[in-house]
């Protein structure tokens, strides 16, 4: 499907989404509450079949956090990027997608570890890379590392 | 040297191994610490006890082995004498082996030779 | 659904064994907690982070020329390909392209890196299963490749030869001759590899019917590279999204069928042959010209997001740069192939024996610094 | 030259014995002194033997892997193993806190003692045997299976999960391979009609069994080598100490001299197994004889019998070492499949073939 | 059927094992030809590194004890690790003008990743990579090096 068709298809189901086509992929901006149904649709609809989540990450825009999901369909070979804003920076929360893509399990744990985003219904929400006793979330822009040595 | 050789070998074996360990105790510096005495598990403290019963599946093999090993012991005296006995010995061992072989086939068929 | 909906606490009487971080068969400091029933694996839980260096955070304070060097330390066996990915991503942001000569040298070096990496993997696979000698035979050829790297790039593993806009220096005058010699040597040794390991009955038994991964699971787990291709998932970035002129080269994407350890093994073995053929096509046809495009002293990417993927020796490496227009990236995410491949380990290893875990791990071919980053 | 050849080991031994009896009036004392001398001689033989085997193993591994092997300590690295021994002596013999201390320390002793005991009936040269027991073959197969107790003891008492797994594996393994070893030993017993080692060697005066016995004996030789490699826990059957799976298996917790004892036992076992294979199949100390070619046989007799024995033994040792440096390790269930579904049925059928051959007199 | 399969399996297995042993046996018998070991500390006299090998950063001086460094600090900026610290001073020129020149060129070898970016960045080719590789010392402080020789001056004509 081309980007235009994709847009039409998705808009019909989710009227609130907005699009951004400045980058190389089609970006779909969506509220964090609607993310899970959207991804479910993208994954399981036969015409879309975005079955491969190849990148999952988060960006700290200081005022909000933004979850970024890169999806590709192995059958139709189209790509979309889904972006979900999380307004609450202090206690960010979003629905997990790891029951749809098993790879999300580790990726979400990594995001939880480094950004502090809590994924609801994740089966094993623990820190992945850092120690359990670590304080703060290193990839946040406001993270201050007291032990850092500046050369 | 006769059977006294057994005693000799026993003594030499014990003297050598115990002596070696004791000599190294004499030479080696030793220090005790809590971490040093921990069982090695790639540097991570062990979870739970290491002395637990668990099924490794060799129990069945031990049983089959027992049967076969007893048969094997029976075969030694036969093997010594078979050249003198001749054809009778051959027929006897063929029957013996056949029964054994059937036992093995049975165990094989029953899946006893599969590692659990 | 294997990872989901279970608690990871240890119950009374359970046999839990730690494999790693200091263990002969976990390449690097991977720590696996393994729940056993007799010798059968009930559950594997990886513990990561022993060499987490936060390269992503570090890169946020480095300029676009400087952050590339750190990626050599991620997947240190595909260092050149990692560098290439970053350079390509910056080039995408700057909307420039490396000159044809630079591109071609890049992919020759990338294929050499892949060969060297697969050779190390081959040796280690033998070593993990207890055959020690193949390790040394693999290292002989790898050494020759590393010498090419050393002569042209100045370093054996962490080359840092790619810069945004091309490569750091032109190839060494001996490069072509030496490469051809090495290719000849490698080609003559494939038979020996088969003799000593591939055809060996013990090796075959150890790998066949072990560690199955279906195509569906491979996609769901985000597996890429030989791991996914062993299950028959076509995912070669060089074919799907050609970069640096891979579309001009003739080569086949190697696909396996069964999805067990042996099919992953065979995918890598055949990939080596494909790499040799790619280099053979290119080595005599390096075009003349510049090896570097003209770039500004200080690079600044326009505001936006750029995603570039390449095929490393272990799968798809994605570099995701978010730029706010400054001289250093606002956020960098490396989508590392090993990270996703590792997440499938538990699913793959369940129900097999502890000896199979070694075979599975070696055919997944994990590089832990790439998982931890 | 002739004089040298006529001095056999037995004449030396009896000479010493007579001298001791004549000089020391007390018979018991004389006997004990003789035993001390014999013990020292035995150690003087065994320890260098282990050094040589250790050195050989490293050199063989090195050459097969395009390396030099040890080449720094002493000429061609020959003193490397001595240096290692000194290092092991200087190491602390650690006993883990949680372990069963008595069994933990007993296990290496048992390992060494069992392999020492098996040495008794081996014919090292003409007339040189510690104890020419009349049930030699049976004795060997009986005592050598005791080693599994040492391994199980070491694995269990260590209080370590790797050790436990390793010990359990070796339990199933050694016990199973015992059968094939026994059956291939029996095939030679059938041919010679005696369990006595010296009789077996003497029966090969006109030719070694492996040549005289056609294919059946060759098959049982191959099975013996494979099965005994498994018996002594060497690669590719080293599951009990599978490095890549269980770090070091049953001897993970052992350090210093206690570990050295396991190493020593492994090498002595390697020697014993090869020596038995050489004795039974390759004629022991018997020179290479062909039927009634008197001249040829006479030339062969000029080579000392101990050299013949050691040459054959080291040839088999080399083969077993080559196994180790070539093959990948088997998995635990494949190991048992190999024994129960391949080696055991084949050797059973083979035994019958050998019997037919022996009765019909089809061998040379 | 079962029996032929059985025999075939045994035959194939034994043959594959013998092929493997043939390979290792070849290397054992041809050890003299095939051994690839480089006996490193012994071959030091003949050991040459490739001319591009990145061992450490050095600053070449000519026979008049002059270097080419202008103290522009391009390398300091280019270095991702903060390996290089340049301390500059104002030097009085013969014509009375003051000119920036380097006082000390500090190079922390312990931080260097040999990425070659400083050498590439240098506009006046003042620094280059040396082919040394034996860097081990007993004290970490010895790895902090001053690259310009004492009393050295900038070469004529280098801007």
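Letters are used for the chains, namely A, B, C, D and E, taken in the order the chains are written, and counting of residues starts over at 1 for each.
What we mean here is this: contacts are C-beta pairs under 8 Å (C-beta built on N, C-alpha and C of every residue); 3 or more make two chains touch, one makes a residue touch a chain.
Here the structure is a predicted model, which means the values were calculated and not measured.
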{"item": "Graph separation of chain C and chain E (steps between touching chains)", "value": "1"}
{"item": "Central chain (distance from its CA mean to the mean of all protein CA atoms)", "value": "C"}
{"item": "Far-end chain from chain A, centres as C-alpha averages", "value": "D"}
{"item": "Busiest interface, counted in C-beta pairs", "value": "B-D"}
{"item": "Where chain A and chain E are represented by their mean Cα positions, the distance between them in whole Å", "value": "42"}
{"item": "Interchain centroid distance [CA atoms averaged], chain B/chain C, Å", "value": "45"}
{"item": "Where chain D and chain E are represented by their mean Cα positions, the distance between them in whole Å", "value": "51"}
{"item": "Whole-Å gap between the CA centroids of chain B and chain E", "value": "56"}
{"item": "Two or more partner chains touched - positions in chain A", "value": "none"}
{"item": "Multi-partner residues of chain C (each touching 2 or more other chains)", "value": "15, 17, 23, 39, 133, 140, 196-197, 200, 202, 353"}
{"item": "Two or more partner chains touched - positions in chain B", "value": "41-42, 46, 56-57, 115"}
{"item": "Chain A - residues contacting chain C, complex", "value": "22-25, 51-55, 57, 59-60, 68, 70, 74, 77, 81, 98-99, 101-103, 105-107, 110, 114, 123-124, 128-131, 138-139"}
{"item": "Complex interface listing, chain D residues touching chain C", "value": "61, 64-67, 161-162, 165, 169, 235-236, 238-239, 242-247, 325-334"}
{"item": "Chain C residues touching chain E - in the complex, by the definition given at the top", "value": "62, 65-67, 69-70, 133, 140, 143, 147, 150-155, 158, 160, 163, 168-169, 172, 192, 195-197, 199-202, 204"}
{"item": "Of all residues in chain C, those that touch chain D in their complex", "value": "15, 17, 23-25, 39, 126-133, 135-137, 140, 196-197, 200, 202-203, 205-206, 353-358"}
{"item": "Contact set on chain C toward chain A in their complex", "value": "1-6, 8, 48-49, 52, 54, 56-57, 92, 217, 219-224, 233-235, 240, 304-307, 309, 316, 318, 320, 322, 330-331, 333, 335, 339-340, 342-344, 347, 372"}
